[in-house]
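Okay, handing you the structure first.
Think of it as A, B and C in the order they're written, each chain with its own count starting at 1.
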Amino acid sequence: MAAPDALQQPMELDLFEGPFDLLLTLVLREEVDLLELPLLEVVRGALGEQARERWDAETAGELIVLLAAMAELKARLLLGEPIDEEPDPDALEARERLAARLIAYAPFPRAAAWLAERARDSAGPRYRRVPLEGAAPPPAPREPPEALVAAMRALLVAPPAPSLAHLTNRVSVPEAIGRLQAALARASSVSFDALTAGAGRLEEAVTLIATLELARRGEVTLAQAEPFGDIAIVGRRP
Amino acid sequence: MTGLARQLEALLFLSPEPLPLVALCELTEEAPGAVQRALEELGERHGPDSGLEVVEVAGGFALRTRADLAEICDRLRERPPEDRITPAGLETLAVVAYLEPISRPQISRLRGVAADSTVASLVERGLLEEAGRPAEGGAMRYRTTPLFQERFDLRGPGDLPPLERFELSGPEAERVRRRLVEAGHLPADAGGDDG
Amino acid sequence: MTGLARQLEALLFLSPEPLPLVALCELTEEAPGAVQRALEELGERHGPDSGLEVVEVAGGFALRTRADLAEICDRLRERPPEDRITPAGLETLAVVAYLEPISRPQISRLRGVAADSTVASLVERGLLEEAGRPAEGGAMRYRTTPLFQERFDLRGPGDLPPLERFELSGPEAERVRRRLVEAGHLPADAGGDDG
């Protein structure tokens, strides 16, 4: 019996530790198509409502740029790009950064696997751990009171102010999907450029992710007349 | 057995924690070389034929029962239910073990996922501990604990295979780069080393 | 060593109390005769030449250090405990010392890190103690102890080196600042970027 088609298998997202883990697996295992990347869930896992992390601005900003590069990658694969076209230098740089990040990340899941194996191998021995009895131990050494000042000072000094620019107009992917669906309820086809006119880079990235998610769900088809040109988002009517 | 080896046997038997070499030298008032030789002698005495073994773990030396006797030992002292470490926990431990001291935002950035609750749970279980803030202020940093070293049978902090061992091989890294950067731009056989 | 003697060695090593013959038979699932023979074998292994001995005491069998090694064993017992204060502990102590009485959620908010396990361990070590709940209800508050003052060479509660900088802003920070000023730890004009 033939093995089930990898493309037909739903991605078990729970098995992955995050966007880098997922993307690295997909990239190394060529039989799984990058088009199957469920970007919405990846983004939600990293930044969305379920992630309880109190992200600092710098980390969140960097992560968004990398996720946007993932979205761009998927868009490129979905829409196709002519082979002889010169790529956009900005996009190329973002992709290089994403690749560098994945390569830097790669050793840690492997080190984690080594640790897991190590824990299995060393599960057998038992330590005695019987507390020492006898005379009370002598008093602990003194500490300088200045240590308290230093510890307190670290808390009373304002940390370097991070830029919050990319967090102020925060757009969520579900919101963007909602907006896109509402637009498609009014018109059969929507222009990506029109949809994101005047939007910041983050908002544009989120809208792109939302667009790709709807394409993945089969709710819309996408068409692009020329590379880096406008994308026409066409709603599928039953 | 030499007198020193006898003393060390008694000390390792009594101590609830592994004893660092320095502590053994202080307690026995002997030089490190002599203590190390006596530890070797003790190790030979507690060979595979016996029920115990001398090990270097978590920054010190310890006497413990041999792995193959785990079952009978657990009949005496019920082992607390195995607190399984989740894959996210293991990955976070690996990141901290190699890069310590490291802050939570740095861990999150490297892994691309929120590390908040994972770090909190590893601290709660004694596998990670706070390692202070940088002098110039900023986020609290973390490091692994002696309990972590004991659990993974490491001789001390940093007793890990070199990280290079886990890095992608040259061709693998190139494949990642090519699939991400060049996908859709170059035919499969183009690019590469045309220098 | 026979397999049974190895098992007994591990069991006597781990047990904090002497193990009666019945218990040893149950644990090893062996007959009393066989266990007794193996105990003899174990006793020969741990002869006068070694640091440990097998004894029958208080209705059971035990492995213990030999009497002539009492002095070195006492040195281990008298060693100052590894009672270092971690960076997390120091930071928590500082927050409580300067702002006492203060609750755990307040400590966590100021430090930006969960403080539960750190506070618990400092209470256990006698450096912090409970200071009651506020009259209007709410979380338990904590204060430092005389042992803390002794350890940091302070004459009493509130005898702390003054702070000179305060850069935080926001309503929460303002409350902290006012409290530090009221307690005399911070000059009234410190910080506050309203100049």
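As a convention for this text, a contact is a pair of C-beta atoms (placed from the backbone, for glycine too) under 8 Å apart; a residue touches a chain by one contact, two chains touch by 3 or more.
Since the model is a prediction, treat every value here as computed from it, not as a measurement.
In this assembly, C is the chain whose CA centroid lies farthest from the centroid of subunit A. Every chain gets a centre from its CA atoms, and the centre nearest the mean of all protein CA atoms is that of B. With centres taken as mean Cα positions, subunit C sits 40 Å from subunit A. Spacing of subunit B relative to subunit C, judged by their CA centroids, is 22 angstrom. Subunit A and subunit B, compared by their mean Cα positions, are separated by 29 Å.
Within subunit A, residues 126, 128, 130, 132, 154, 157 each touch two or more of the remaining chains. Subunit B has residues 13-15, 17, 63, 65-66, 69, 73, 77, 133, 139 in contact with two or more other chains.
Here subunit B touches subunit C in the complex through residues 1, 5-11, 13-15, 17, 23, 27-28, 45, 49-52, 63, 65-66, 69, 72-73, 75-77, 120, 123-124, 129-133, 139-140, going by the rule given at the top. Only residues 13-17, 53, 55, 62-70, 73-74, 77, 85, 87-88, 90-91, 93-95, 97-98, 105, 108-117, 133, 137-139, 150-154, 160-161, 163-164, 166-168, 172-173, 175-177, 179-181, 183-187 of subunit B touch subunit A when the two sit together in their complex. Of all residues in subunit C, those touching subunit A in their complex are 10, 13-14, 16, 74, 76-81, 83, 85, 87, 90-91, 93-95, 97-98, 110-111, 150-154, 160-161, 163, 165-169, 176, 191. Of all residues in subunit A, only 17-21, 24, 27-28, 30, 34, 45-46, 51-56, 58-59, 62-63, 66, 73, 76-77, 80-81, 83, 85, 87, 92, 95-96, 98-99, 101-116, 118-119, 121-132, 154, 157, 159-160 touch subunit B in the complex they form.
Subunit A makes touch with subunit C in their complex at residues 126, 128, 130, 132-135, 137-149, 151-158.
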